[in-house]
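Here chain A shows up in two complexes: once beside chain B, once beside chain C.
Entry: the complex of A and B
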């Protein structure tokens, strides 16, 4: 049997891909009501580092009923400076308490020189930065007790002083660490369009055999500053998590599912402008459909090492 | 050390509008004044200026969002159970 056909059989028979949603307080009622349609929940770890015992007990109860994964947003593991140990200790304590199936962070720097940027920023992509990021990830792995999944981020600025492109940089960090890849397909889609790459081509250059989880979300087009009157405005795609997942991102998920043999945990992220929960359920079902289509195609495993 | 200094400078450009406008008016002079090495100064001469402004605006928006208080799960569970 061809490798691709084996992949298709395994997935169509076992249905081992899972589809879930990011936990947000605003979505709590919808999540509780429709929990049978949600395979797993992703919880923002940083929201709970200082949680009182009562809150942690509630989270532990949730984790006992539904698989959870913890998602960190403030370590800055892809910064060139050393990530403070206390930030890793926070994640270690929460993973000890909640026993999530996995934990994740971002391929980003979030501070520098004592200044908090307040969000995820793309560092200059250089060999020096790769070494620093690998060192940070390996230390986090030791302190937390297991390796993270590392997520590619969206950026509106082409990171200055870079000597490597995004695929080269991500691949080198993943290859040099024990981390899995959390592939955010909207981030990949936005970066590809903003900086002149074909999205599928960019995705196929990543180490897809290390992808364990996927993020889906939506964004909107915003105008570049300085557009001249009378000219067609130049636009960039902002990953804002307040719009529905576009069809092109589901197509990337389908392509990914056709390329890899491993099961995937797919998480829908929504951070605002919350629609009726049925709209979010429809996007979860669209993700399942894309996975099924991709597993059905099961192209030869170009991405498998 | 050079890259750590560069990331620190970028963090300032992303968060400090005065520093950012001074930089955009004279990238090379501002980078030199910040003590960056020649290679980094040269690289910043060709910075994606539109992207710098857009990224900075986006980060400012995110910082505002982060200041909003979040409801705890225990409270949400109690509220939901109370209605069902």
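Entry: the complex of A and C
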């Protein structure tokens, strides 16, 4: 309790947690209508790399309504190959134009040998891969002009040929680069359940002092394919962004807020099966509540924007 | 080549192109001069303000009336033309904007939908929108019209000068078939005046373009919108694209209120129904992340 109060004190002195949502055109009216309840918006950068000036101007208008952050999905910075400079240039141009508060990418690889996977894939967690990822992140930092936040990804298979576990691998990359950590709690939760770890235990092994932003989303259980022996298939938790955030993920957010002194930007991700916007607002409020609980009840109300 | 040596249809063709070029140049000048250096506008989320920018006071009143009907604070009764009435005195406690209060006030006594356009209280409520839009240089005021005057005068002057020169040459050569050229000149002069008197500024047009761009995907899934007023989505969609963007299936009363509106539908298709009242269910126009999950 004393430790929690200390965290609360440091937090109240240091900054304000913010809660926002991923910008999706389908949610535009809901976002505009309830803009006073949305502290920031996350825009998928890749959707706008080739945008005409008119579209960029529209995004600038959006950014004038509330702070924005850019989220990339196609750099593949955690691949063992060198990420092409042009992909980083795209992000640099967009950050120059829109002046977001931050930008982020994934700890994933998305291509190999000239073949695009079309998916965020977990690379082999090895020292060699760590070096390559750090080199990519540092190049991206120089080209874009500021360090990214790197997001942990969900995976349905334990990456083959790995010599490190996820927490060791993520910690080493974050420690070796200037990047902050964008902690996707649904991804962490799914990986923990899929590979037999306690979610809270996995989270506490990550470099939480570098967490600057958090993703929340939902998923669903699916049967693992390829069971030829007729046994009951194992179930895997799929991160699909089309379901509500489960209570367990909010509990992880509460735990995170109780552990770190720095302010957090929490983004709700929803990519389809859009419910009434009031439902999304309820999830934003649930995130705020989790943050308040985590920061300690002694915090003044304005500690969470 | 000297264009004044052209005769007949050849010169008329040249003049037509010249007139179009002059009009286009004037339009570009106005657009660029009225948007240059303007930062993106903040706090531009009020649907009635957006509707007023797009099409004026009457449109703001239309959108507000439909929003109040959607929220159940106004009742529509009878057949076309439907009459409107305020649900009860409690409705006033449910609204906060002056335009909404003015509409509810007007329909405390039953009346037709179009009555609101001549209601002094409603018109007064819209004046604040007019002032905001003028202050933000979204719609033209006397200063903007004055600033446009010089390029408009130059444009008209150039067109008239060409016509005058050509007519002088024709008369000097004994030809008097200049009627169609004079007619074209008058047409372009009128069009130039229309450009001069354009209600929205370049900045206002840019804001409307921004909003259309930001809301484009919502328009695509407009059929998923349901009546009920739980959120202001319908009002914002109508504000940005017009009432015709609202799905007739969910807002059938609009046909009876404002029957002249053509509907343009959406591309969502029949599979794109909205979710049920549960937060976690429903179909989608969006794609999700594919069978492999999102991962990120």
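Just so we're on the same page, the second predicted complex is superposed on the first by the 276 of 305 C-alpha atoms of A that agree within 3 Å, B and C clash if a C-alpha of one lies under 4 Å from a C-alpha of the other, contacts with A are read in each partner's own complex, and residues count from 1 in each chain.
Basically, contacts are C-beta pairs under 8 Å (C-beta built on N, C-alpha and C of every residue); 3 or more make two chains touch, one makes a residue touch a chain.
The shown structure was predicted, so the numbers you read here are calculated from the model rather than taken from an experiment.
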item: First (chain B), second (chain C), both or neither touched by A:42; value: neither
item: Partner chain(s) touched by A:17 [first = chain B, second = chain C, both, neither]; value: neither
item: Touched partner set for A:65, first chain B, second chain C, both or neither; value: second
item: Contacts of A:123 with chain B and chain C, given as first, second, both or neither; value: first
item: Which of chain B and chain C A:219 touches, first, second, both or neither; value: second
item: Which superposed partner A:279 touches (first chain B, second chain C, both, neither); value: second
item: Partner chain in contact with A:187 - chain B first, chain C second, else both or neither; value: second
item: Partner, of chain C and chain B, that touches more residues belonging to chain A; value: C
item: Touching partner for A:242 - first (chain B), second (chain C), both, neither; value: second
item: Contacts of A:161 with chain B and chain C, given as first, second, both or neither; value: first
item: Common interface residues of chain A - those touching chain B in one complex and chain C in the other; value: 25, 28-29, 32, 54-55, 57-59, 62, 118-119, 121, 155-156, 238, 271
item: Chain C-touching residues of chain A, taken from the complex the two chains share; value: 24-30, 32-35, 54-55, 57-65, 73, 106, 108, 118-122, 151, 153-156, 184, 187, 215, 217-219, 238-244, 269, 271-280, 282-283
item: Residue ranges of chain C in contact with chain A within the complex; value: 39-45, 206-207, 209-211, 213-218, 220-221, 224, 230-234, 236-237, 274-275, 277-290, 292-296
item: Residues of chain B touching chain A in the complex; value: 2-12, 14-16, 39-40, 43-44, 46-55, 58-60, 62-63, 65-66, 70-74, 76-77, 80, 83
item: Residues of chain A touching chain B in the complex; value: 25, 28-29, 32, 47, 51, 54-55, 57-59, 62, 79-81, 109, 111-119, 121, 123-124, 126, 128-129, 132, 155-158, 160-161, 222, 224-226, 234, 236, 238, 271
